[in-house]
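Chains here go by letter, A, B, C and D, matching the order in which they are written, and residues are numbered from 1 within each.
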Amino acid sequence: MFVMNRKAEESKGKRARAVWASLFFPGTGLMALGERRLGLWLLIPYASFLVFTIYHWSSVTAAFTTGDLERLVAALFLSFVLAGFWFYSLVKTLRWDKDEGTGMSHWQITKSQFRKNKPAVAGMLVVLSLYAVAFLGPFLAPFHPNAQEDIVRSRYLPPLAELFTPVVTLKDGRRIWVRQVREVGEEISYVPISEPSSGDGGPLVPEAITVTRDQVQKIAKTLRPRWWNQKVHWLGTDKFGRDILSRIIYGSRISLSIGFVAVGIAITFGTFVGAIAGYYGGRVDDVIMRLVDMILAFPRLFLVLTLIALFTPKIWLIIAVLGATGWMGTARLVRGQILSLKEQEFVQAAHALGLSIPRIIFRHILPNAMAPIIVTATLRVGTTILVAAALSFLGLGVQPPTASWGNIINQGRDNLLGAWWIATFPGLAIVLTVVAYNLFGDGLRDALDPRLRD
Amino acid sequence: MRLTKGRENSRALLICVFLFLLPLACGEKKEQSADRSNPDDRYGGTLVVGGIGDVDALNPLVSSTRNASDVEGMLFLTLTEINPDLDSYSPSLAKSWEFSEDHLRLTFHLRNDVTWTDGVKTTAHDVKFSFEKQTDPLIAWSAIRWKQFIEDVEVVDDTTVTFVFKEVYPYQLMDAAVGYILPKHLLEDLPSEKWRTCDFNRQPVGNGPFKLKKWISQQTIELVANERYYAGRPCLDRIVFRIIPDQTSLLAQLKSGDVDLMESISPKDVASMSEDFRMGKSDVRIVRYPSRAYGYIGWNLRNPLFGSKKVRQALTMAIDRENLIEAVYFGLARLCHSPISPILWAYNPDMPDFPYDPRRAEQMLAEEGWIDRDRDGWLDKDGRRFEFTLKTNQGNRIREDITVIVQDQLAKLGIKVNPRLIEWTVFSDQTNRKEFEAIVAGWSVGLKVDLTTIWHSQSINDKFNYVSYSNPRVDALIEVAKREMDRSKAKLLWDEAQSLIVEDQPYTFLYIPEQVNGIHKRFRNVQMDTRGTFIHPEQWWVPKDERKY
Amino acid sequence: MWTYILRRIFIAIPLIIGLATVTFFIIHLAPGDPMALYRNPEISPEVMELMRKNLGLDQPLHIQYVRWLTSMARGNFGISFTAHRPVADILKEAIPNTLQLTFLALLLNLIAGIVIGVIAAIKQYSAVDHTITVSALFIYSMPSFWLGLMMILLFSLLLGWLPASQMQSINADLFGFWHRLWDRITHLIMPVFVLGIATAAGTARFMRGSLLEVIRQDYIRTARAKGLSERTVIFKHGLRNALIPIVTLTGLSIPFLLGGSVITETIFAWPGMGRVAVGAIFARDYPVVLAVNLIAAVMVVLGSLLADITYSLLDPRIRYD
Amino acid sequence: MGQLLEVFDLKTYFFMDEGTAKAVDGVSFEVDKGETLGLVGESGCGKSVSALSIMRLIPHPPGKIVDGRITLDGKNLLELEEEEMREIRGNEISMIFQEPMTSLNPVFTCGNQIEEAIILHQKVSKKEARERAIEMLRLVGIPAPEQRVREYPHQLSGGMRQRVMIAMALSCNPSLLLADEPTTALDVTIQAQILELLAHLQRELHMAVIMITHDLGVIAEVADRVAVMYAGKIVEYGEVHDIFKKPGHPYTQGLLQSIPKLTEFRDRLAVIPGIVPNPLAFPRGCKFHPRCPVAVDMCQEAEPELRALASGHWVRCIRA
């Protein structure tokens, strides 16, 4: 008894210290309590986000005052993520010993199963990082995705190219990049391109600057960018001199959101339809399943192409069409699940209790059919991203100048040999995303429902 | 056992040696034949032309693709041919022609030795028949307006035909002669509504220097020399059109020699190809000449955004057109200032100019009330943001690129441009119905100096005045100028009309591109110029020792 | 068997009609006028109206629909708006090319998929297996258009080994038979690879799983207990059973292959149905769009029927009577 | 009768991520020609693994025969090349399995599957093999064998399928038949028929049988000698009547008490409490002690050795 008490005392003191630690450095408290892995998992991303925030501190704070929506969203995302990690770590630390002793719930088994699957964890991390990148685009992208500098000089620059862009300091202290307009003798006229670090956030008062060649060399040299300076075109430029890396970062939003939302729609709709077909059976089931067969008998790309090309391509239309043509698999799956669940005792019991039918379906049947739905959803995101990219490649995606991975690749087709980097890198981004989603999905499948393994 | 093996080996060796010798032997033979070349050796050889798209029909009245007109030029004859000065004519099907006293009747005297490839003679009846079909609204020939002032065509005898005009104007000969003559005996029974789908479109019978031998859709069109051609058979045996729908691989085929001729090489490749030819690294000769096209941004004048002349001028000044031309054409285009092409006699070199000056442009916009009042980065006026959609047709990379560049250049002044690429049929439909704010488009100008169809206010509703440009002074000038028979007087009128249009800037005129074609150097006597890629292809020839096929 | 096939075809008919109906209405309800193609300031409204009448577009939609359906039933697909010739002629040229491509891709899918899957299964957990599994994952996750471009870049533009596009060399009709055959083969390699490899990766993945599942079965142990060699056990007893689900998968992959042919044909400028479809869709060539969609659906239905028949041949437990 | 098979100190382990499972850990027994040995135990005790070890059909990985000797007619099977072993499988030693439903390949005809072994081992033509197959089917009591050879397994009933399995196993006149629970999955009436058939064929063909079962009733009917296995080890070994009369090991006693007997009325059958231990974590000492009604402290300390209770009757228990 005494021993137990002392142990409790000790752990109490330890926890108090841990809570303090967690307050300042999320994760450290948990590490002190012995939860090394969890602590590190919290600390490392927190620290990276924190470093990122500090590095971009001025832009982040500025985002809240200027009217730029993209930057505001990015800054909000950053704040939420930081707060989230902090809060989660604190809660975890506070509830540390409460978790102990409880038995392995289904959820916990799944979690531990999933954790063992290293590729799946890696896939999940990549997927999460991709979304983070998409959100933080405005801070991460070294250039504005649509900003063209001096096209003639900056187009088709190979990866790692640094464009020698004269930087001129104005009287009010602003530094601006300029481009050469015309040369008369020793004098060169310059026109500002954009402000460093602001992309092309807004209009500039284009004061033509006339300087001598000599002066410019000097100015340019003193302000020559260092390696971490964002003026390097890491992945080269396209035919307009736009930075490929920045375009890929911004383009990720299109691909990721289309994949996510379209699958969301497809899964929701498919679940709904499948649930109705499975639960009511009979004539309803016949009609619905015949419809499913009909749509499945169609090469999906043909249908999607027809729909999107005939109506004008807009992002919501693409999402809607991909959603509307992707629900059949889910409907079948859910129907099958429901048919088997329908006969089980707990459903019969619910029936006997006089619960309403929607309630039975949504509260009692569907949760039990959730595992395979989640798994197919995750796996489906990958293929949907591929289809969306293919559409974009055919010119049926977002309109220029907005970047999407598919349309960057399409532009790369123009000059495949001369500028291989345009088509190559966005393709790698797609592969990375889809592989990550597939790994994640496979892992989920193995963890959630071993019966689904192939 | 050993022996057999050995024998097999030696046989294999023999074959190797033989194969090795084969090209050598051929090479030797070639050199010998080169020594004995004589004028008769001009006959023979094949020209392979690579093209991006298939031909829709080989019937000049219904076809609408550019490739089709290239091929049709080899299959059919016109009454006269235009000369390189783009202003005078040489005989073709017609030996000679003369106007009546009142200048309302134009009589052509036809050759009597021209036959259709099926052996039937080409006569004045064919000319009359062709005119009737060209003006048949149900066939809807795309150049139907050229014939609008022709009252009637009268057949005098088999070789004499008279065009009767409604009025006198400078371009009567051009209007009468335009359009290919079609064989009456094959087409007269065809109802008008069947013209677009009839068999003739795929099995044309012509009277030109070449005749169609084979046409495999999406792949190849093969023409062979027409032995019955009135001027004697052409030098080349065959002209083969290959359809390669992808610009990149078409270029690769040209470089590798699989294709001998390619039209419209993309500007970015031209410099290196010329250089390679000069250095002897390539056999492809680059031929450049000014095209008849010009590109522009059209501002829809019905849209309040573009209602003010000053705003339009400011927009032009905000766009760095020289940089844009360098960017999309790599210098292979010149700045366009005027609705009349500099290749034509009526071009006015002395006109208002709106050079790139963003600062001035911004001032002018501010004077018109466009200021960024709400500090959101975009100009606004009366609570409306300066934002518009810039449409162009999908698939034309140059225009697509221009929308993107213009978008960025105007964004720097606080003008929000939303580029929008639209499929061609929809695009042309929308422009016709004036459903646009601004468009990037182009015109291929005729050789006739006439601003009516694009700039006359009467053309707003049913013709090509898409931007709804209306200036009474311009209308009046056009009306007079197009009937003025005296060149020097007409020139003054056209000059003024041009200046007025440019001052109004309903278009931001962008560029006049150069046509750049590549042709294998073994072809001799090749003529290409503003008139077209294939000028007298029957006279092109290849020295015997350089022939490939 | 025949009654089964007939019954299947019979069931498929309303399905295909339903599909045709859906596409018909989608196309006709979409904004944009098919007559836009002909609209030209030179053509008077009266003439437009006449042309509209000629094309039957002046009728109310349901009449147009009935007309279209009946002419379709008679095998008359109408006349292409852009090419001005019967749609049937266009399809007659394009379908064999697409079939050539898809059939070879299907073959690649099956052969490569099965062979690689079997190797991975036999060498389960070995380095070979891991390599195969990882590469299959990557190939499966690759956008085919990108893979195609990368192959063109590498094999055509950089190395110059293979032609970048088209079905045959530009002057193939001047070659002898063997040269032409070789020429065709070189033209086929990349498109077939690009079209077939993704499904092959899927098949390999599935094959591996299927064979591993089969190998665990009791009858494999029985076969081993008979003293059969490992080769006979795997290839006779294992493979035959493991192939059964593959047949279903292959049947399901036909729509994917047809869809993929759109992309592949576009990239490699292959004169097939996919390219006809893309061109027609963009140009709003309605008769062609409708016909292509219909043909694609018929092909899918026939493909799945073929798969089911093969299934019954492979698995004696399934008999369609 | 001479000795046919000797298994000595057989150790078959399964090496898995979670640890090593000693499925068979030092099993020794022998079978004489024409004799029937019963191998008894609950599921998971290692009897099937022993049989598969004799066939050398242990799936590797994870399983591996780590030690021991299996001698058939003087040849040590564990030293044979895989090829030589294949000559023996299906030929000198045959095996029939528990699940007739799944043990036949669904995609080949019964005839085909029987012929396969005949052609392989007897080097006869296809036609002769077919004749032999029909003969075998007739032998195992399948009516109209000429038609049955052309049928697929799914067209036969469970009992018929087990007969086909037996026909297949016996088609090459093996000297030893390993019957792994041949009747468990069958109806009781059919069970009896199959057992009778086996016994009949054994006499006819003069072969030895190792009958693996958890059912002591079956053993009582067919076996000459019995080996009782528990947790990878033989815990009792002896003549069948010795063991039934005087079971030495508490486990054997437990098994015997759980057989329903027509002569006695009991409220409920006696069961052995507890479950078979996890092979990854066997208890220390006597592996049966956690479930043993008569266990003493000693049992926890060390694993007892087999000791002779009477001549030819061995028991692994300090309390016996």
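Simple rule for what comes next: a residue touches a chain if its C-beta (ideal position, glycine included) is under 8 Å from a C-beta of that chain, and two chains touch if they have at least 3 such contacts.
This one's a predicted model, so the numbers in the text were calculated from it and none came from an experiment.
Centroid distances built from C-alpha atoms place D farthest away from subunit B. Centroid to centroid, with C-alpha atoms defining each point, subunit A and subunit B lie 47 Å apart. Chain centres here are Cα means. That of subunit C falls 53 Å from that of subunit D. Each chain gets a centre from the mean of its Cα atoms; for subunit A and subunit D, those two points are 59 Å apart. Each chain gets one centre point, the mean of its Cα atoms, and the points for subunit B and subunit C are 38 Å apart. Those residues of subunit B in touch with two or more other chains are numbered 248, 394, 423.
Counting only residues that touch two or more partner chains, subunit A has 309, 312, 413, 416-417.
Touching two or more other chains at once is no residue of subunit D.
Checking each pair of chains for touch leaves A-B, A-C, B-C, C-D. Across the interface of their complex, subunit D is touched by residues 217-219, 221-229, 237, 240-241, 244, 314-317 of subunit C. On subunit A, the positions that touch subunit C within their shared complex are 290, 293-294, 296-303, 305-307, 309-312, 382, 386, 389-390, 393-394, 406, 409, 412-413, 416-417, 420, 423-424, 426-427, 430-431, 434-435, 437-439, 453-454. Listing the residues of subunit C that touch subunit A in their complex gives 12, 15-16, 18-19, 22-23, 26-27, 30-32, 137-138, 140-147, 149-150, 152-153, 157-158, 205-206, 209-210, 255-256, 258-260, 262-263, 266, 277-278, 281-282, 284, 289, 292-293, 296-297, 300-301, 304.
On the side of subunit B, the complex with subunit A involves touching residues 247-248, 268, 323-324, 326-327, 356, 358-359, 362, 372, 375-379, 394-395, 397, 400-401, 403-405, 407-408, 411-414, 418-423. Of all the residues in subunit C, the ones that touch subunit B in their complex are 32-33, 36-44, 46-47, 50-51, 54, 79, 82-86, 89-90, 93-94, 156-157, 163-167, 169-171, 173-174, 269, 271, 275, 282-284.
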